[in-house]
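Right after this note come the structures.
Next come two complexes built around subunit A: one with subunit B, the other with subunit C.
For the complex of A and B:
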């Protein structure tokens, strides 16, 4: 029986796919005006992202951090907290994992990798402690606090890698490389696709189980929809908000750790190309469901990988791909009004 | 005017028909849910009548919103003041209609001249440079009224204007309103405080259950007559019932609590509810019912006094902790607190019980057990539903309330705090819910029943506690002849 704890039927696939279609149409007009055949460009994009095993591996690799940041955002949304601070958690978690990776050089991989991932997980989680507590206990708007913490995280990590943690003899703002034992094993060398993708998929499955099968997931959903009702039914809403903010930060930190250990191999200033912010679009476009988050992350991952190569094989400038990406985001975020209306009734 | 307004199956205004003469103060009285607010929303253009028209100076008029109503000379002072904090009194006065100096500056001299002219007209003096948030509440209210005059309002609607005022300030307000009336303005004065109504009004219209009970000149009215009109005749004549009451399950000792504005809501309130009885709380809305419910449920903190559930002192415990001790709470705000309308019917039925051992193990929900339980419970309460997986919003008001009652009575709570249990519920639903409460009582349950439906209180209660201004003014036992005195007690008068 799926009677209890299944999300109420949403308006189905049509509205889920609509933002993407609208974005394609709008970007198609832009392409046509700029003198390109939109269908050719889209076919090229599709081929570059999904044409062949190597391309698919590259797309999945690019989608991995987005699955995690989308999941991190969705977890907080569930509890009614609009966490826009996942980007900061990516930085903090990435640095924490890299630190473990180049410091405990003597540990074997089966110990070092979990330890480094755990460091990112915990660091990201702690980063969200203050905004979580402020929201739950003092009703401080989490949008403001988490957004501002992003700038602190980016600058704080930049300071550390320019000073105390700068690689000896290095001129650019980066930590030393992590040892090989700390690198995440690759699934399909030479592709950068690594076990981080499997971890992200496992977390998506856990998220589904959590939101559909557990008492805590149920309470989170109810509290996110109507906090007054949740409190009146005896659910401890403030404590729930703190827990979900910590979990959100933890998953964001893990995204940073996987990016550091899997792709970059160390922490550098300007570490994340906005994974945390794209994660917001992923969560919104994916409507907070595991399958939706996966598909939205694949979409943005595909745009990222094909964008890098498309300008090598055509005269389409990369800016067009960026415009397309931006348009999908705008149409995805058009659901903002709905989220905020919900927040208001909850308050 | 004669208007009808329905919300779904609920008729909020049923052929309301009354006439306010120019140059008079016309009071509209009635309890909560009598239809006053809907009527005022229609006059402000925030709501449209389903039937009927409003006539202004003999012309049928449809208002397209507060600004449109204003253009026709009708302005309103809301209960919650509509002033902009951070601006001075003067700036708030001229807001949106500022005399300008050039294109970008307020002509302070002209604004001040206008302000002084209004002061003289109203016979008051204000410190115009004071920031709104530093002004005492009665000054803010005077400012709201002057602002309506500044913008040329001819008809002033005041919604519960005395709710926030001290007695001396109420007298000042009455003087001001009389002065405005004598200048030819029309004032609609909405209140349920009969002393003030009698002091200020020329004519009085009484609403009850969305209908006009009567309109009469104030000269022909007295408090007892108005109270009878407001409350209605008590039809129920229940038999006395042997007092088979058990141990005390709820005990309040000299509880004092403030309302949301920080004023005393309950003063030294004592109350005991025993197992196997229904104790009703009767009173005109706003006399401490909300604070009593908040104190008993733990939704807000009390200032002093102690609250016990059974043998446990719960004064400092939260609603969650009190629920664990056997408290159940049927919220008066069904849409905002009693149910989560976007969640499924099933989720609404199980919420709060989902952590019981029978429904979850180790934090994992037993979905099959829950689904069977939900279906059985909803069937027992005859909830008409398409499927339990639909949002609760898909149910009619009466069926929504059945879901809430089913959930709250599940698991044999020691005491149920039931607030307005049948508000907006159809007649069959009312009878059903009443029977649920009586059955629960007969099984040894205790009910604290807060209702504005006096007939409901009389029908169900074994004892009725009458409150006025946060204090107990009387207690009436089931079947006692004193039932006819309840109306008087609700107005703060001792029983004759």
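For the complex of A and C:
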């Protein structure tokens, strides 16, 4: 059964790792031209990412939202919906969770945390309702609708934290801090690594089960690979697309909720440094598989955390790390383009 | 090689531990707050012969505590933080590193090893208000009508912004009690289009000078002044040159002076841990720009009155209302 639908695995690990290696080489050239020794820089990046438990915790902490946004993107991709609106869900979900976290201040943690996480989950899901329905029922291009919804989400939340939800006395656009009971418990204090990471890992495991062991997961994959074939086989593709868009939005909203309750402790303007967009690269580079998403998220998380801290020890500016990150994304997408072209010729 | 040697010197050799400057979200190259602070950082390091590094990250808000802890673990002696959202994380981190010194700007955080830096923006804004109120009725100046109406646009309704606005209104009323100051908020710090529309609306209502305290949105205010032949007042950095002749003056906030001073104090062993540094007109940290493009348009009598107001603040005769410390005055409720 699985042999029929599994993508040809001749390439396997090589093509998954190749984008990263190519990116390292390309960015290494940029580094050398800029007068830095690429090997020194890469060694420093590795040390700042994985050198010791504190640094590993920082990397996992930075990877947590990316696991979730990568997963959110992959879930939609699997159903054939190119959802680029996860970023907006992060904003909406983050604000919803923060609102619960600073409003229901008398609830105990075991009630408040699930409630706040659920608020993010539901808010993110609802945010994807319209593009999901438009895509499924009217065949409206989801890339356009979800991309536009990102701008609306960012502006809408910015309006709310500039006005109705602004913390009294704050000079920047932010909600009040959530109460301590709403903060996600930390795994390795004082690191910000928190149970959000475990939630993300659990969802990855569920995703593996769902995609490999359930009928819905199988149908989704069929619908994503060839919608006409899926319809002909009796699968209700529109309903599937709506479900997966809602699930994608929910996971994106959860990413925002975990970011708000775990890391930031509130919602601020400029809440997400592009987690939703990096999530697209994570999903592509990870080839939509649970292990791949995890590794890709760790990679981008490591670049984010070490990219900041290597500046303490070297003259490498943040732009170089951004270039490296951009290179990985480009090569990840280039691979995807190849698959896309192949699928199109096959269809 | 350079990398390895840098690691070596940062770790041990220096008698004084190095300094880290955490850049705020808008990043270096913003031609404003961060760049200005970085200038002061470089000057401070040069004067004290200390080592130091700026840290930039687009995830600076998300990774607040991790970055602060890393700098502290890496044996930096002084961590100067430009990111406003780092107030709470700094409180938590500073407790764990009693030997590291921290500096936070534009807010007050309690802690024996934390120094807070506040600017007396109301003092500079008072002078801007005085100047605007005197100019707005002088029809000999191009683009000025007889109406005693001026405006101010804040980025958001908050105490931090209203501190500027209250000072501006107070200065204007002191110069001419009949001045009508129109106050509005853009609820946005990054959209010039909003600033343009709001400023144009004010100009249509008879205002001829509009003070902006709205970051990137304020660029639209300056644009509106240029398009309609009226005047804007800039903020934070010397914005007079953005539209020469259309920016009456700028209320400059010398973040660079603050950062430089903090580094020098640290090197001299007089770091103000647990204290709040208040930098105002007297310290040369706030004030009006030199008005390179507009000085010749304005009658000397007006400039003299502004100078008199400045002397009044310096001597303590004029005490400008501080919204953050004193709450809201009656004229701004």
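Please note the rule applied: the second predicted complex is superposed on the first by the 327 of 347 C-alpha atoms of A that agree within 3 Å, B and C clash if a C-alpha of one lies under 4 Å from a C-alpha of the other, contacts with A are read in each partner's own complex, and residues count from 1 in each chain.
Keep this in mind: contacts are C-beta pairs under 8 Å (C-beta built on N, C-alpha and C of every residue); 3 or more make two chains touch, one makes a residue touch a chain.
For clarity, every value in this text was computed on a predicted model and none was experimentally measured.
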- Query: So, does A:190 touch the first partner subunit B, the second partner subunit C, both, or neither?
  - Reply: second
- Can A:230 be said to touch subunit B (first), subunit C (second), both, or neither? first
- Message: Let me test your reading of the model: by the given contact rule, A:311 touches which partner, first (subunit B), second (subunit C), both or neither?
- Response: second
- Item | Chain touching more of subunit A, residue-wise (subunit B, subunit C) | C
- Check the residue A:273 against both partner chains and state whether it touches subunit B (first), subunit C (second), both, or neither. second
- Parts of subunit A lying in touch with subunit B, wherever the complex brings them together: 1-6, 8-9, 213-216, 218-219, 221-222, 225-226, 228-236, 342, 345
- Query: Within the complex, which stretch of subunit A touches subunit C?
  - Reply: 36-37, 40-41, 44, 48, 54, 58, 61-62, 65, 158-159, 162-163, 166, 169-174, 177, 190-192, 259, 263-265, 268, 270-274, 304-305, 307-309, 311-315, 317-318, 322
- Task: Using the touch rule from the top, collect the residues of subunit C that touch subunit A in their complex.
- Result: 1-4, 6-7, 10, 20, 25, 27, 53-67, 69-71, 73-74, 76, 84-85, 88, 92-93, 96, 106-107, 156-161, 187-189, 324
- Item | Residues of subunit B defined as touching subunit A within the complex | 299, 318-320, 323-324, 329, 331, 333, 336-344, 346-347, 350-352, 354-355, 360, 363-365, 367-368, 370-372, 374-375, 388-391
